[in-house]
Amino acid sequence: MKFKVNADLKYKINSESSIILSIHALKTEQKIISEQLLISPETDFKELLSTAEANRLVSLALKPTENLSISYEATVENAFIIKEIEAFSDVNIAKLPGDVLTYLNPSRYCQSDKLYRLANNMFGYKKDDFEKVQALTYWIYLNVEYLSGSTNSETSAYDTVTEQAGVCRDFAHLGIALCRALTIPARYFTGYAYQLVPQDFHACFEAYINGQWLLFDATRLIPLNGMVKIAIGRDAADAAVANIFGDVSFISSVVTCGLLDNDFEPFYQHHENRMAISYS
Amino acid sequence: MKFKVNADLKYKINSESSIILSIHALKTEQKIISEQLLISPETDFKELLSTAEANRLVSLALKPTENLSISYEATVENAFIIKEIEAFSDVNIAKLPGDVLTYLNPSRYCQSDKLYRLANNMFGYKKDDFEKVQALTYWIYLNVEYLSGSTNSETSAYDTVTEQAGVCRDFAHLGIALCRALTIPARYFTGYAYQLVPQDFHACFEAYINGQWLLFDATRLIPLNGMVKIAIGRDAADAAVANIFGDVSFISSVVTCGLLDNDFEPFYQHHENRMAISYS
Amino acid sequence: MKFKVNADLKYKINSESSIILSIHALKTEQKIISEQLLISPETDFKELLSTAEANRLVSLALKPTENLSISYEATVENAFIIKEIEAFSDVNIAKLPGDVLTYLNPSRYCQSDKLYRLANNMFGYKKDDFEKVQALTYWIYLNVEYLSGSTNSETSAYDTVTEQAGVCRDFAHLGIALCRALTIPARYFTGYAYQLVPQDFHACFEAYINGQWLLFDATRLIPLNGMVKIAIGRDAADAAVANIFGDVSFISSVVTCGLLDNDFEPFYQHHENRMAISYS
Amino acid sequence: MKFKVNADLKYKINSESSIILSIHALKTEQKIISEQLLISPETDFKELLSTAEANRLVSLALKPTENLSISYEATVENAFIIKEIEAFSDVNIAKLPGDVLTYLNPSRYCQSDKLYRLANNMFGYKKDDFEKVQALTYWIYLNVEYLSGSTNSETSAYDTVTEQAGVCRDFAHLGIALCRALTIPARYFTGYAYQLVPQDFHACFEAYINGQWLLFDATRLIPLNGMVKIAIGRDAADAAVANIFGDVSFISSVVTCGLLDNDFEPFYQHHENRMAISYS
């Protein structure tokens, strides 16, 4: 499915500063048909790959300016598979690949080490990992209130599991933490999202189930096949849209994700069947 | 400098379980002259590399047994450079390599995002990054009490900065968190440590200063040139000696690190000169 | 019902210190038939009443000694009423007495302000306050594991609601925090407990329901009519057995609670009927 | 000194609700020359005293209305003593009155139990309790940034000691927690404050030193003799301006404190002399 995505970010740079951006569409699996990055006033930038995840970062060394304008635009054919997940027996942790094991560890916003009993009391009885993730995703959807402004950049899954309010980032962190507490590898996933209202960057999560990464979204705000992938990571610490170092004021952000094909059939996950989507 | 290191771990395995070990000496820089891993009763294991850091992991799929014995022994020539760090001007974050940037992010046990004001109030006035890290390491040494049993696997830098007691792991986490809060990349470092009393695995931290990783140890328990490197990572979540999945009881752990050369001159960092040590 | 209660506490006093004890049976409602406090070596002490709750405190000014022995013994006729709680309509907060209102506020170990959504999502649908408290008490019983040594003096309800392990103190704190989050006044209750195994001081909680304080115990470890009341308070900060100021080492504690009557009929609360017990 | 104080609060009441107000000037020590409370639309209210502190509360049972207007106005002669605090030897905790002991305990927003080492490392060396409180108050003033909107109703001293930003409430909580960690009783103090810019309710704290309650204010925003006392308590949980139960929207708040005498000589505490002020 082809999408045209766009992010326009504006900042006021008050001192010599650096910004590390994570707004480029990932090149793994999905196909970048065209893309461009415009920065005004003209600024040197450097493209980087994060080591573990191969996320595409852009680092900017900035001088003071009233209006730094960053505009990224791309046409991307996203790549996903929708399939039915068959019942399966328990995963042997010792058989997991090295690059998956890391996603079992607790991270800044996903303190899975504190949630073992809770996760197992609530979801341990389900018959396999797919049903566990499905159940916890549905529980988050039912119990956590989507409330803009209720959380901040320090809010973590440990807070959200009791405070039960947040935004997409918090929903994803809680999903990840509960998965890891159930010994299911899970990671953060950011992207451009078709039909997200209001339009913005979106975050959800992937769980490693039966040998593959499957996408889950406890917000239920979008069709799961309408995403253009930007980055993956352990949690939002790895995949912030912009990491800012210096005295920088945020001015505005406009994000869009438009469909270029005609035949989009939205896929929503249902908590009672075993259809799932994979982007990896 | 050549060392003979040894780790003997014993566990009771109560159910089918998995253990991921991180006790092998790293192969980067230092030279493994010989090594062997013995597991009794005989058990299949798999060697893995963690993606981001190339730590050497061993994963074991285990059946119930009264006494699982894991014995690792190696002769290793460690590798380090001791040098004087010259005064330098501020680092431009935008120039950092992609694989260093990740160590600026907050992590599970190093919530640097919560310590910006504190770190800058306490150490921001120092004239360059080296002096800042030196000062914060010394402050931890002076103010945090080394107290076995005072902390547990959930304790983080955010706790230690106020509770001011802990073990080597906690000292390292606090050092890392304060560095990152000062926009200095920092990472966790584990190893076998010569002259550590009582003998055990040791943890300290590296800060990325003027283009290189330098080792710091706020515990001041060992000569800094007596380490055999096992693993690096964001924090202890990346470099646990053993990650255990299943019903496993710890029985005992014996760790040794003996010197095979004659001419060891211990290097201790002093908080008032600019001599430092690098293992990378 | 008459009980003979006894507490023998031993400490090593390493420096000039003060201890504030809360081990005397309360005089409100229940009848103290006889009591004595023996302290060896002989030590001046002062009897105090805490202002808000009229708990009986004893303060000791201590000089260094190898073995401070404190022995309290009392024969007490406890006082309670068991009755069926009829269905009732919602309580009007504005009608509550001033001395009850304070038990709606969050306290050190009962951060009810962080649990509003969780408490209401889980128990808000129940038809009156009695059913809510009954349901939350039963939920704690089912989900929190009684595990000696799993928590410490800093553990609070905010921890226990996710970590789901603790001792009687933690069970009580979580019950209180959930009540207050549901706008039901609740307070901490300590006492000597008949048939508690192993014998020790016990803690549970009272909720203010339909104009009266009712006792609840999420541990289900004792018959609820076998308690001799020591103290009430907002949480354990108000009702610690001993507050210690100075360098004091704990040696031992022996607590007993024996029945002096013949006709004890144990009362246990059931989560499906509306029988309850009140000590106030 | 005579002051005219006024508080105008407006709320939208969306459902049947209760509000417990704490805006009346305290009657202990200071003299209420006149006062009135106007509520529109006319509403029944009840005056209450909090048990422990004799704070004057007003409880309102409210029906839905677009604009509930609460207006309190009083002319009050405040009462204080300014004096030099002589050097004194250590306080014997066992000699403290029962109603003071409670202010040594940790409370919701003042987790002194977590700050023992920090407080003693930083201020333990000072020669008496007065110098300790003076030093910690000055440290807060120097290190914590006064920043409206940086904290919320869940923020506690444990957060502020590391995050180092907040408003008057947070400054007071941190002062109280550090005092208690040094075994100095301390309590929260709210009032109308002359020359506070912008005009609002103010919070500071009292420490019990050498047999008397002395007032401290780490914000340094006001002359300490320009306060009309409203309430005392363990922390803000005991002395909130308004505790709201039900669906209520805040509309506005206007607070004033005007001087009616001519001869006001502002008293500010200096961190290097031993002049102090007591309102109790």
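We call the chains A, B, C and D, going by the order they appear; numbering starts again at 1 in every chain.
Heads up, the rule we're going with is that a contact is a pair of C-beta atoms (placed from the backbone, for glycine too) under 8 Å apart; a residue touches a chain by one contact, two chains touch by 3 or more.
Quick caveat, the model's predicted, so the values are computed rather than measured.
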Just how far, in Å, is the C-alpha centre of chain D from the one of chain B?
46
Any chance you could list the residues of chain A touching two or more other chains?
114
What graph shape do the protein chains here make by touch: line, ring, star, complete or other?
ring
Let me make sure I understand the interfaces: which chain pairs count as touching?
A-B, A-C, B-D, C-D
Interface with chain D, chain C side, in the complex: residues 18-20, 45-46, 48-52, 57, 59-62, 92-99, 101-102, 104-108, 110-111, 113-114, 153-154, 183, 237-238, 243, 245
Partner chain D, residues of chain B touching it in the complex:
114-115, 117-118, 121, 143, 145, 158, 161-165
